[in-house]
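Should a chain be cited, it is by its letter among A, B and C, assigned in written order, with residues numbered from 1 in that chain.
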Amino acid sequence: MQEAMIKRAKELLADGTVNRVMGWKRGEFSYDITPAVFETAEELDAEFVCDDLTQANVSKYLIKESRKEGKILALLKPCDTYSFNQLVKEHRIIRENVYVIGIPGGPKIDIEKIKAKEISGILSVKNEDYTLKIETIYGTETMPYYEAISGKCENCKSKKHVVFDELIGEDGDVLESNRFEMVEKLENMTAQERYDFWRDQLSKCIRCNACRNVCPACTCENCVFDNPKSGIDNKAAADSFEENMFHIIRAFHVAGRCTDCGECSRVCPQNIPLHLLNRKFIKDINSLYGEYQAGADTTSRAPLNDYSTDDCEPSIVHERGVE
Amino acid sequence: MLKISAAKLNDLFDAISAKQTLYIPVDREPNAAEFKKYESGMKLSASLNTIRSAKDFFFPQTENLADFKMNGKNIEVKDIREESEDFVIFGVRACDARSFGILDKVFLSEPVDSFYKNRRDHGTVVTMACTRPSETCFCTTFGIDPTVPEGDCAVFFDGENYFFLDRTEKGTKFVESISDMLEEGDASKLAEVQENARNIMKKLPLANLSTDSFGGDKLNELFDSDKWADLSEACIGCGTCTFVCPTCQCYDIRDFNTGREIKRFRCWDSCMYSDFTKMAHGNPRTSQLERFRQRFMHKLVYFPANNDGEFGCVGCGRCLSKCPISMNIVKVMKALEVK
Amino acid sequence: MQVNENFEPVIVAFCCNWCSYAGADLSGTNRLNYPSNVKIIRVPCSCRVNPMFILRAFQKGADGVILCGCHPGDCHYTSGNYFTRRRITLLYSMLDFLGIERNRTRLEWVSAAEGAKFAAVMNQFVEDVKKLGPNRRLEDLRCRKQ
């Protein structure tokens, strides 16, 4: 598949349809893959990579890239197309300046999952018929592909490309997923248990802002947490309250716009399941205001920019579930 | 050499923690170790290293510096400093141990940072030799021998026993304080274990990384390099690399109004952030390229220029495994290297 | 839970200028009692209340936060309180998800003519928060009253 992408990208560069390609670049090992812009066929041949370990969602880079001279080719996985479409909807990406090729999605492999099996000194990872062959300094290890699947692919919501100019591979469908399972599990706990769970998780936060900065929905020019005029700007949580506040507000500010791409949890150096906060909002929106998938279209009103005169009252929170 | 058998290690921890606070690395989840205050029964992590570095013990992420109280037109300044308690950090790796030396150069040179010094004076660093380095390790590039770590006391594990080697006065005191639990043991197997680890270090993918192209005298050519644009292109401007880094030492000082008084505190800051070193006129580095360049220039050029050639990196590899977009100091060094 | 009889909670009430604030006024001119625990902050519309306002009220020492606005359909700005309703529902649900006691937050519609309702709502809310005791789960320790 990677060869097909390079071939097509070279053609589009050659015929002048695009002058740049947004893709991924290989690194020192087989897993340290960096998003990159390619300008020549030689660069593509030498460094372009798109394999089982290529996870990064490149949609956010296209905000800037689509404002540069000429058209850029973007290779987008199904989940990335939702982020891309949402950004088009919010007038952040200039659609005309991007040529989108839909590429097959995951399930992708997360190197952290392999390391969690106490496999260290990893030099390369190869997928041989859904068994991972892992070369390490300490010898060869194998593990089933499905045990190393990235957290963001575990509950894939859709294999469908919601936006594309052409496809490499086939288009899929929106999937039935049980992505709200963990949210439901938490909802069914007691308030004390939920509090303990989140305190345990959020106290790990080092406020590196990776979750915010990687998020394709977080595109403010100046974040409220960086703005000294906001009165709540901070660089590190000096108190547990500030940990809670940052994560509540981070999730709230993308409520109704979060496409559930899972990048926030993927990049968290402390493995905090941040996507659960976003999924809670998605689940609430779906159940209270009707099914809504951010990024699925570019015309509908976002749930928080909309209302209905017979919306439920906030007291619904007090009435349901376990206290 | 004095030793204790692996089976008795927890008894030793119990004995140390009965006298003073003890921190050891424990597994929070697989492949995610962190230093925790020892409580009876905790298991020493088998991971190579912790996600957060050990610098937190001397330079915590946030700490209070002073309190102010307004009383009419008078401002009362409260010095909230107090003597730290004695504590022991067990299981620090060679890279982190070296990072303390780098932090010392910043915080213990004039004017001495009394908050840092207080903790440093009261902390005993017990290091642990590496036997199973990871592919992301490159401490040897900075002249560190992970099989004989620095620190107040070094501990070596040969598969059965932990051996103790005191390296400073504080370390000697530490070993004396636990000497009733230790016994004289045969360390002959140790040399083999060390030799084995050294051989692995030589074969690591980053073993040949060289610092020859860097240093205080290479300022202009490195600063003006046209490679920074490409290198920083994908940087998302988060602070992951700086916050997991054992040698990053930048901080910001801020005031917090509690409603009754002002708390002046400092917290880690990151040169990757848009509001880093913001001044009245604005921000001196307005693009991510400049911020990105600052971080690596600091470690590879500015720091050695001011500190007798010592680099501001210890090769722990944390930024290699944690950067959301996998851009790191190794890629920067390889790209800027003069071949 | 142990109830401290002497505990007097701090309640922050965000009241919209056009209805609820006038409602509070009316309850005063009618000489209806409501507890002095309630500190009113007047806002132009309930929709002005940013989720951060509510969190910061808790940070700075509130034990309960109540938001009052015009009845749905009666908003001075036509639709502000409809947006409030969605936004605050999601916020309160999230606070509940994080294990913050759900009775610490409330939203009530109080019109300018409902002085009696305002007093009743505040009496009830203070009573409820008293039962919960001081806010510990969403407090900033630095701001705690010594």
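A few points about this structure:
The definition used in the following text is that a residue touches a chain if its C-beta (ideal position, glycine included) is under 8 Å from a C-beta of that chain, and two chains touch if they have at least 3 such contacts.
Please read these numbers as outputs of a predicted model, since none were measured by experiment.
Compared on C-beta pairs in contact, A-B and B-C come out with A-B as the pair having more.
Farthest from chain C in terms of Cα centroid separation is B. Inter-chain spacing, taken between the CA centroids of chain A and chain C, is 36 Å. If you average the Cα atoms of chain A and of chain B, the two centres end up 30 Å apart. Once the centre of each chain is set as its mean CA position, chain B and chain C turn out to be 46 Å apart. Within chain A, residues 238 each touch two or more of the remaining chains.
Of all residues in chain C, those touching 2 or more other chains are 140, 142, listed in ascending order.
Multi-chain contact residues of chain B, defined as those touching 2 or more other chains: 256. Touching chain A in their complex are the following residues of chain B: 28-32, 46, 48, 51-52, 61-62, 132-135, 200, 203-206, 233-234, 236-240, 242-244, 252, 254, 256, 265, 267-270, 273-275, 278, 320, 322, 324-328, 330-331, 334. Those residues of chain A that touch chain C in the complex are listed here as 183, 186-187, 191-199, 224, 231-232, 238-242, 244-245, 248-249, 251-252, 255, 277, 280-281, 284-285, 288-289, 303-304, 306-309, 311-318, 323. Per the touch definition, chain A reaches chain B in the complex via residues 27-29, 31-37, 56, 60-61, 112, 115-118, 120-123, 136-138, 204, 206-210, 212-214, 222, 226, 228, 233-238, 266-267, 269-271. Considering their complex, residues 51-52, 55-56, 58-59, 72-73, 79, 82-83, 85-103, 105-107, 137-142 of chain C touch chain A.
Contacts from chain B toward chain C in the complex involve residues 256, 258-260, 263.
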